[in-house]
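Chains here go by letter, A, B, C, D and E, matching the order in which they are written, and residues are numbered from 1 within each.
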Amino acid sequence: MKEKPAKEKSSRKRPRLRRVDHKLGVPAGSLVHVGEVKTDRPRISLIEFDAAGCDERSFASVAEAREFKPTRQTVWLNVHGLHEPEVMAEIGRRFHLHPLTMEDILNTTQRAKVDEFASYLFIVLRLIDVDRSDGQLNSEQLSLVLGRDFVLSFQEQSRGIFEPIRERMRARQSPTRERGADHLAYALLDVVVDRYFLAVDHLAEEAEALEEEAMSSPSPALLARINRCKRDTLTVRRAVWPLRELLGTLQRSERSSFSPETRLYLRDVQDHAIHVLESLDAVRDQLGDLLDIYLSSVSNRLNVEVRVLTVLSMLFMPATLIAGIWGMNFVDMPLSGSRQGFWWVIAMMGLCAASMGLLFWRRRLLTREE
Amino acid sequence: MKEKPAKEKSSRKRPRLRRVDHKLGVPAGSLVHVGEVKTDRPRISLIEFDAAGCDERSFASVAEAREFKPTRQTVWLNVHGLHEPEVMAEIGRRFHLHPLTMEDILNTTQRAKVDEFASYLFIVLRLIDVDRSDGQLNSEQLSLVLGRDFVLSFQEQSRGIFEPIRERMRARQSPTRERGADHLAYALLDVVVDRYFLAVDHLAEEAEALEEEAMSSPSPALLARINRCKRDTLTVRRAVWPLRELLGTLQRSERSSFSPETRLYLRDVQDHAIHVLESLDAVRDQLGDLLDIYLSSVSNRLNVEVRVLTVLSMLFMPATLIAGIWGMNFVDMPLSGSRQGFWWVIAMMGLCAASMGLLFWRRRLLTREE
Amino acid sequence: MKEKPAKEKSSRKRPRLRRVDHKLGVPAGSLVHVGEVKTDRPRISLIEFDAAGCDERSFASVAEAREFKPTRQTVWLNVHGLHEPEVMAEIGRRFHLHPLTMEDILNTTQRAKVDEFASYLFIVLRLIDVDRSDGQLNSEQLSLVLGRDFVLSFQEQSRGIFEPIRERMRARQSPTRERGADHLAYALLDVVVDRYFLAVDHLAEEAEALEEEAMSSPSPALLARINRCKRDTLTVRRAVWPLRELLGTLQRSERSSFSPETRLYLRDVQDHAIHVLESLDAVRDQLGDLLDIYLSSVSNRLNVEVRVLTVLSMLFMPATLIAGIWGMNFVDMPLSGSRQGFWWVIAMMGLCAASMGLLFWRRRLLTREE
Amino acid sequence: MKEKPAKEKSSRKRPRLRRVDHKLGVPAGSLVHVGEVKTDRPRISLIEFDAAGCDERSFASVAEAREFKPTRQTVWLNVHGLHEPEVMAEIGRRFHLHPLTMEDILNTTQRAKVDEFASYLFIVLRLIDVDRSDGQLNSEQLSLVLGRDFVLSFQEQSRGIFEPIRERMRARQSPTRERGADHLAYALLDVVVDRYFLAVDHLAEEAEALEEEAMSSPSPALLARINRCKRDTLTVRRAVWPLRELLGTLQRSERSSFSPETRLYLRDVQDHAIHVLESLDAVRDQLGDLLDIYLSSVSNRLNVEVRVLTVLSMLFMPATLIAGIWGMNFVDMPLSGSRQGFWWVIAMMGLCAASMGLLFWRRRLLTREE
Amino acid sequence: MKEKPAKEKSSRKRPRLRRVDHKLGVPAGSLVHVGEVKTDRPRISLIEFDAAGCDERSFASVAEAREFKPTRQTVWLNVHGLHEPEVMAEIGRRFHLHPLTMEDILNTTQRAKVDEFASYLFIVLRLIDVDRSDGQLNSEQLSLVLGRDFVLSFQEQSRGIFEPIRERMRARQSPTRERGADHLAYALLDVVVDRYFLAVDHLAEEAEALEEEAMSSPSPALLARINRCKRDTLTVRRAVWPLRELLGTLQRSERSSFSPETRLYLRDVQDHAIHVLESLDAVRDQLGDLLDIYLSSVSNRLNVEVRVLTVLSMLFMPATLIAGIWGMNFVDMPLSGSRQGFWWVIAMMGLCAASMGLLFWRRRLLTREE
């Protein structure tokens, strides 16, 4: 999770529930952006399309957008960056969005959900992305508004994940263009769920790497990484979990936002969401064991070191005993009178230590690795 | 939890189920305040409002309140402190509350719930607050009675959490004032759930701090703190958990306590409650691992100390051996006849110990920290 | 659990499923008392009441009871001790109880449940009581039969828990007396659930004490106590768990055993039962961790002892080295020729040991407590 | 579990899913006995009964049975041993059993279940028995077929568990005989559930014994026994678990296999099944902790031994130091010139060792038991 | 799991969610084979059958198949290998398969599911197979399309698991041939579930072996095997789990794909699937404990080694003390003046060491095995 990139140390680790700071004492429905500001200024891009073709537009200001009159059947408005309330207010007025919808779009710490309003369907999703540079997970909010002839999508920042959809709409033959707004909404949902696969894949690899490291070189830093990985898994799970039910709701909904044909496709997306959840559970199981493995790995390494030290200290024992023996006071001791006696005994000590060392070495008691 | 502040040691840690002490053998429906008395004397404040404006009043005695006749459409009566039965009895009579409702208001160890009566809706909530001075959680009961043209709210003590709502009602344009009693009830619920976010945030920070401490400096005191944090998590969870269902019940209820418009807002509050629950579960997971981390941290620290002691004792070994060697009785030993021989051998001992110490130091076997 | 007080050792620990011993091969419906005989002879007390007042009677024999004709509207018959089949058979005949009901009353190892028969409602409860002398939990069976104008209650032994209800019935104004049989049944249920609060409170205190002891002075006896506490928690849980559903069934039942007014009160009792369950789960969580704490506490105490021994053995090392040094054979050694040399060296040994001891003492390595 | 008594070592421990070996590639519905052959040859006993009385018969061959014409209203056919397909085929033809029923009867590794067919109800149960000689659990299959005027019961071997039922049927007054086939089926189910009580009792005792042993004398053999006990618990649980639902299905079934009166009795059996399950869960909890107790018990015993060894080695230290002291070379040492000096010093050594030993003994550091 | 046999090391261990790599940015419904290519070229075999008989055909190319006109009532088309889109496209056109069906068949990383389309039923299953050479589990996808008069089955590679079904169809009397397409689909499902039994059996044996090894000779390699076995269990579980629901759906479905007669058989398959799941859970329980057993086994082995070393080092102690004693400087020491004194003392040393060694040996403190 990289929601709050640098400022405080503790917030790097755990996404706060920041909603509260801004919100306490503010009446519901006020247009205040709650969440981290992730992009410089909002960018609004618009695609209007019908079966015949599509036109793309991009607006620099609200005033400019106000002038615009659509000429084709369906409109897809995509907004990056949500922190300019006047832009949002204008969109809200234009498409007759409920104040609660506006508030939910701007409060980017929402849980995935679907709300049905009289004239549109409001869908909130969590968009999970793996940052390739540092392997951290990004979780941002994607809000979709699906009306009869328009689709609005609100992202916190531009990531280009919808580019393939635009490509396909520009093609001569495009099922999305032909089938209209609800099929476009499906396509957006499909892209989001596909991203979850990437995140789960990344987490599974991380868990694999952590397990190997936990057994070979346990260190406190590893513990922090295990915990981060656990939290990332939880983040993805919390993003996908409500999706399962949400997609079921969309399929069963009696209101005609989705055509029967598109519902078949939604079922497909739902299958993928369940698949993601099952893979996540496997990762969670693995991470659950990791703590035990790490903790006993640390404990074992210590025990191995103590064993090595004990073995080393034993090498001195025969030599010390031999020194003691020839330190005894007897009238007649072997070698005692000999000129080379001292060196013979020293050699005897060396021999004892060496043979014991060899013995222990063979029994693999001197290696630090277990 | 700070429900019983000072008397016994064990009760500081765990809120008792005090209901029983007072209640055993008392018939249901008797107006006996069960729970800790948290404020000096009950304070009753009243706001009557309609779309046009609002008037505020505060009553010093029951008699004074009895005189009062409302002039505006809707009345909000807020009571702090519940231990004077005659005040409560008067309110009960005035608003035709059922004896069970009265009993539940006075028994401040209730679980969150909603009860529908013929002429009003009775909602019990747990209000969770973080004491900023010592970081302890306060859990008190908030009872709401929602009638057609009145809202009654009963708190155990004044915390000023409803002040922002009053502020908004005093404003020239106020949706709450316009929409009447049910929207006010929603606003109160919203404030309560917002407080949960603060509590969860506090617990998450505490868990983070505990984890760090568990790894760096484990102490029995930490174990007590881990347990307290676990219990606090459970307290918040028990406060929020029934809320999820409660808010669903309020939305689906066929009785017209809430207008369709306000139900949309209730759904919003319910989303927040679910969000709080999910965040709590993440904290719980983390705390669940903490005990294992703490216990093996203690065990490892002991093992590290034993390792350091073993290493230190090994430094004596070569010196002792050398002393033994020159203690042997031979006719001819090197250095034995020399005048500086003794010092040479002492130097040899020092050298051996120093080089062994250096070796162990480099291999990081002498540091107490792992 | 104290169901089988003295005979065998193992049964002190765990309540057997004794039903089987008596029952194997006996046709269902035979009146055989299954369970421990806990009281000398059955005692039958009868209260007949209506809104106007109540009369109490107590019967010494079955014959005497047979004569009795009720004069008031409702009859409450309370029986202590169930091991005289002829008494039970007489009651069964008098109130037209089904053979299965009779069997369930006599088999005092039943699970809490509610059975609806044509003319009455049969409720089985577990009555949990804390023995104040030794802190053990008593679990006995309370069977209630609720007819249109009678309530039968069967206990295994007299504990006086219904005395407050009788007191209230004797009062001039008594809602129970006015509202009749179903309200009396509610009052009995309420008393039983209130007892659970006491039991949970007791268990929570016990768990608290065990945790403290586990950390300070772990002993195998503690392990047995932890296990007993766990089992007691399970016993209470098994008593309360079915109650939750049972009370819901009673509220929803279409048969008119309970009046709508009394159902409100039943909902209240159900809230309390859920409260008890939640408190029990907190105790269970705590006990679950206790085993881990105990086990590593034992392990740590051993490790601390080994550390102390290692430290003590290190105190000898410098002295032994010094003795070895002056045991070397050199022509010229310091102090060697001096008359006080021996004592100087002995002093040197003492000084080394003392300073090392002081060092270790300061680093808290010599205390047996961690 | 003793399903495969002797052949292979590993199969003694765990019942295989043997169905596969025989079945792969065989079309469903073929009459092949799958499972262990537990008895020499099938034995068929028949009781025909009505309210007036009952007649018993036993058949040596299929041919003989084919001749038989029932004279009373209801027939109970009990078969021990299932490995002669022609016998089974004859019974199947006679009572018009579906091929799938026949297959399920012969495949004795079925899970408990109930299947409703047009003219009969097919119930499969697991019959759990404790072998008194070696304390092992036997799990065998009992198949019941309940038609309008017949009950068929198929066991793998004769255990005499239905003997009490036969006894009761021979009595002059027998409710089973009067109420017909469905009451007989209930009686058979009741006997099976009663057996579960015995098995659970046995497991609870075993768990108790294991816990005691785990703390006093942990050995690897114990671990195997813990695991076997766990698996036995699982075996019983798997036998009882589906029964709970099965009995519910039988009560609710709209098909008239069971009369309303008998359904009351079925509810009673279901209560017992739930009781067994709850007792099993208590045993499972206890066994779950046992592994932890065993593992740390083993670890602690090792640590205690190391502590004793450390203590013993410390007894040599003062003596060695004293020897070193008088081994020093000084011109003037106390006792050195004395004739008894040697013995005085030896006595000093003994005294030191003895007093240290006494000290350690008092502090309970020398006992091998913790 | 052997889905990706050789390339990367980490992928040997864990099946990736490979869907994503190929799919990102590709519109749904494109015929791209996603998954590992497991066979050289697709092979298409066809059986057409009715009650009278069956004809088998095998096609080398798409063109050849295009010519074919069926002459019997029902057609079973079985395809091995899915990586030639044109073949698949031709089949899709011929049987009017929906683009989503085609995509799901080609994407061989699907979860088991059933989708109902207007003219056919689409079933996806995971086929689990144990590789006898290395004991690894193979998981591949089996897609079934069940139309009114055709069954299509798509496998990733040929394993011959359907050979017994073909055998039975060639027989003179074949229920499958008589009952048509839905009974054939049942037979295929039955074969798949039977394979699960083999896999579970294999896993149970593996778990048994691992447990034995964990106690006797724990090694890091074992940990990897435990984890692989856990993952295999999860793989089988994920294959079987959705089957339970899937088979229920097929039974309850109102669309007439399965005849009432065949539904009875489906219930039978469902019973087997539940049986597999329960056996899997037993294996999972066992594997869950294995990690604990392994970890403490490793820890204990280390402790035993330290104990042995401690015992060995104690053997030197009396000898060293004796040497010290006779190294003391006294005018009169026993044996000191004797010529054999030296050897007597050496013998004394040997005797002490030998008797101590014997003592420790008897107390079983010198064996490396615990």
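Worth pointing out:
Definition applied: contacts are C-beta pairs under 8 Å (C-beta built on N, C-alpha and C of every residue); 3 or more make two chains touch, one makes a residue touch a chain.
It should be emphasised that the depicted structure is a prediction, and the values quoted were computed from it without experimental measurement.
A separation of 28 Å divides the Cα centre of chain A from that of chain B. Look at where the CA atoms of chain A average out and do the same for chain D: the two points lie 45 Å apart. Residue numbers of chain D whose C-beta contacts span two or more other chains: 292, 296, 299, 303, 306, 310, 313, 320, 324, 327-329, 333. Viewed as a network of touching protein chains, the structure reduces to one closed ring of chains, two contacts apiece.
Read around the ring of contacts, with chain D first and chain E next, the chains fall in the order D, E, A, B, C.
On the chain E side of its complex with chain A, the touching residues are 10, 13-14, 16-17, 19-20, 23-29, 98, 100, 103-104, 109-111, 113, 115, 220, 223, 227, 230-231, 234, 238, 291-292, 295-296, 298-299, 302-303, 305-306, 309-310, 312-313, 316, 319-320, 323-324, 326-329, 333, 335-339, 341-342, 345-346, 349. Chain C contributes residues 163-164, 167-168, 175-176, 187, 190, 194, 197-198, 200-201, 204-205, 208, 211, 215, 264-265, 267-268, 271-272, 274-276, 278-279, 282, 285-286, 289, 292-293, 296, 299-300, 303-304, 306-307, 310-311, 313-314, 317-318, 320-321, 324-325, 327-334, 365, 370 to its touches with chain B in the complex.
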